[in-house]
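Chain lettering (A, B, C, D and E) follows the sequence in which the chains are written, and residue indices restart at 1 in each chain.
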């Protein structure tokens, strides 16, 4: 879907932001670019919609070289969410969201209907918020408008540069969850930039870890990244508690459940669904102050997990 | 040491930032104020050094009502680290750090010596950084200068408003660690504001969780906070994975160690010190992909921890 | 064109420059006039504006009033002062009767940029820096002297620089009420059909204005307490640097 | 002529006669109403035309300066240099090309207004937040649409501030037009100066200020109407 | 001055005769010139012209475009001739100095022809430089004419361009032998000049022969007994081409020239500058009483 081959960017002042980057993004995939500040994440993202022209290499979207397409047309097919939100301060929220459909030459009525639908989709009631100006919204609400605006033209590709960067951690988690839910329905091809490894691991189908100078240190699924960091840089970057992080990206494997027999109901805390992650299992275990947690499939208990069982499951997950 | 009794602040426009707050801070204690954005944390902090005058209630430091003291004198006895750092852009780093001693009327030489000492203390080599201007430093370095400046007059009390807010997560962790190390040596009375529950739990001897309007929802040690949230608001604020968080604040209890006997050396991963937290134990366990982790006191193995053992230890910690 | 050769002839003749009514003498008069008017304006406007900036209020009123003051035609002001029963000295010259009237008129003309920039400069010192100063126990005066004033300096200076050039360029109208300065060369030239002479006067005025501008810009750079990191907006040369008058007014509108 | 009657009865000197020569004289305002209104209208015309012309010249220059940073210093320098040409010289020099017409004063005043206008337009365009500009381009705005729909509206507050200063200054500058017959209230001022006519001088000067205040308020009002998003956006 | 716009109104409302087309008058804006221009305006308007009056601060503002886009100018013989002389022969050219108006007009004929300008009838009314002292100075020192000042040392308050002019500083010192100890450029008949003489800062002030304000200020003119002033008789200057197209202009303006005298002009000036009567009203008043309107 998106293919970067040998892409490099050297700024006029000689700064090498990206050296020589190869990166493939499949259709419908959510890829996260993560790395320390200044490592070339934003530069890479902006080269995809030609806000920045690469100095070497080629970038293709759906097999077409982006440099051969009129940049204005190209960008209309790519949703773009900027780090600082970048809403138009002089336009009301609804108008902000209508921007791209109107650029396309859609009728006002169509654009309006679409914008209202999208506002509802990102959890902003049009009746309340349509006529406000951006400065009358909270940071988190503004972020949602930014996402809605990028989605308005229903672009197959979405580029997001630290889309949840400007809000506090609590709102941030909520926005992440909402976007994941949204993405399940929409199935866009998304490239998302962040410098927060937790966010990367939580959001990405695959995560690309950048080192300084736009070097691609590792490109893998979150579980793989946490379980088998490619080198010391990545290991250091994902942190010493990466084992704990892996819990969050590892699903429960029914093979590691212990049988329900011999566990008294009093020892069981709240049950969790078999589709949960190991982290959720451990969290419930610790929260409820119990020794075991029941695991259900639908209404049916399928087994229990103990701390040791969780540990075993985690160890086994890498062996697959 | 610091005692707030029935303190309230209503702004001119009618906003009630803080309702009626009681809060005690012991000498030498590090208390963290945490809560969602706009809940009155900064307002509370600034009332302590009278940058904001309370509308109701009284604030005492060492038994003296702060409103009876000349604010200028009061502030010289209280170090203040502002959220946005607030270095003087027109002064070099060394001069910035020397500001308060000079205000005190200390000699240039003394102030200079002290400032250089402090710069070294916060990890900035005076030879390299003394003559730079603030804009020539990175965000994290600036934060350190802010802390050094606040410490320069050796004030018994330190107020810090999101002192690590402006830097990226990686640098942030480093700054937190450094400050904790510093505080172990200095033993100041510190009130620190953050909106990051992880930071609060990591840094605080005690944590005050604020709800909107400056309501004190809970005031307790981190372990207690995570183990027994006072109400739904706190439970929600500390998050569903608070069980996992508790690992980080619970020390290893030798009583829960299992004996070393019967464990083959091959099953043992890296050993950890007995002064570590349970989280570190679990992290090593998961990282090394082993079933048990050895625990040492000095060079001597004192036992091993298994996942189940960690869990037991955590459960027991609350019973104390 | 003959006019230009006349201009050149006038400028290159030594006699044009010397003597009681020579260019040098008149230039000196006008420099004296400009400098004095600027000093008067500074004494009148600067402390007030700086103080209002320190307090952070009341300044918009001062700024708006002094700005509307621009609408008073300097020429009319001059006429008012000259025709008033003015207690000036009888002696003629930069500080003579017409000279003094011109001084006052020019000083009033210089006030708006000085007041506006000084007020805005102090008020716009970043809030976090001010709060840090308060937080470490500075008194109001200490904060003003050690923090606000040094940080405000560049913008204050650019206001003074603007005023300097405007006053210099406007000072020529003293000639309309028989006052001192290079304006005399211009009116005299045009009155006697010596266009070359008139234009020569204008040329000298413009050249000196440019020189003043460059000198002031250099002084401004030298006095800036923060060595500038290379930035988007260059402060050098004629470009005038940061938003001054314009920026301040933007706020008065929003308020 | 109706004025004759009044003149005939002027046995005791009126308050504006040279013998009394008061600064404020209602009788003068009454007797010369028509002249004063004419002068004010002319003044207003010249000011408005001059500012409009100034904008028309300044805007392309500001765009050019922004597009080609190497030209910026030249453009700002040239507009400042224009300001230093004494009006005493500029207007008579323009006459042979533009004639004894209102346009002479309009062109002269417009040139003087350039200094402030170009500068504030440049500042205005620069005050547009980079993130807004970037997101507009990212969404597929072309250059001209970006300018008209995004940059111009957002630059408005700063530009209007410059416009206010320019307008008020132009009101004052227009008076010099009396040199070439079109000075609006400046004609009265000039006459007042040369004949020591205090009431006339004072009335004209005050009217200048009133005119400036009215125009200034008008611009503020227009700006208020054009920039609804800035309302209540307190820092 | 400053009433150029309103004159348009007058033209449209009071035109009685057949439409003669547009006509532009330019004039200097000082009181007397504006008054005479207004008389031209009223007469020509009555004759059927659409008159546009432009009042400017000094002659050089219109001289460059006359007769190209200006048709009629109320002028002074010496003024226009010497202006043309300076333009044609450079500003160092020797000025025309004839004391008689008609003579001077004849002397300048060639210059006028070259410029495409025709002078109509010369009026007996003349407005030359004059020099005044206070009544008290005159009484105390027995001075009534300029030659009485011969050998005396005085401070002169005068126009900007007085220095070196034969009709001003040069003439006073060379022809009359007056020692000008200092020249204050306070303006021609300006308030500052009056004030300077009245206050005793200077003894001699420059004004015009038709200054109507002197008596009211206790000032007296000294007689120019050696005739250093070139003739400055009032005269209408008309573009030659325009005149041949509109010969009736001469018939309209010549009677006015005949009616005007220095005394009448001085009196009218006084009404305008002392009583501050409206120049339009004064013009109408005069024209009516002379039977011209």
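Basically, a contact is a pair of C-beta atoms (placed from the backbone, for glycine too) under 8 Å apart; a residue touches a chain by one contact, two chains touch by 3 or more.
Molecules present, by chain and UniProt name: A, B = ABC-type quaternary amine transporter; C, D = Osmoprotectant transport system permease protein.
Please read all numbers here as calculations on a predicted model, not as lab measurements.
Common neighbours of chain C and chain E, by the contact definition above: D. Looking at the partners of chain C and chain D together, the chains they share are E. Of all chains, the one whose CA centroid is most distant from that of chain D is B. Between D-E and A-D, more C-beta contact pairs are found at D-E. Centroid to centroid, with C-alpha atoms defining each point, chain A and chain E lie 89 Å apart. Distance from the chain B centre to the chain D centre is 59 Å, each centre being the mean of its Cα atoms.
Centre-to-centre separation of chain A and chain D, using mean CA positions: 55 Å.
If you average the CA atoms of chain A and of chain B, the two centres end up 30 Å from each other. The set of chain D residues that touch two or more partner chains comprises 92, 190, 196, 233. For chain E, residues that reach two or more other chains under the stated contact definition are 58, 60, 190-191.
Annotation for chain B: no residues touch 2 or more other chains. Of all possible chain pairs, those that touch are A-B, A-D, B-C, C-D, C-E, D-E. If you check the complex, the residues on chain D that touch chain A are 129, 131-132, 134-142, 145, 150, 153-154, 227-229, 232-233.
The touching residues of chain D, counted against chain C in their complex, run 72-73, 76-77, 80-81, 83-90, 92-93, 116, 119-120, 123-124, 126-127, 157-158, 160-162, 164-165, 168-169, 171-173, 175-176, 186, 189-190, 192-193, 196, 198, 201-202, 204-205, 208-209, 211-213, 216, 220, 223-224, 230, 233.
By the touch rule above, chain A contacts chain B in their complex via residues 36-37, 168-170, 173, 195-197, 237, 240-244, 246-247, 279, 282-287, 289, 291, 306-308, 310-311, 314-315, 318. Chain B contributes residues 49, 51, 72-76, 80, 82-91, 99-100, 103, 133, 135-136, 149-150, 153, 159 to its touches with chain C in the complex.
For chain E in complex with chain D, the residues that touch the partner chain are 1-6, 26, 29-31, 54-58, 60-62, 64-65, 69-70, 190-191, 213, 216, 273-278, 280-282, 284-285.
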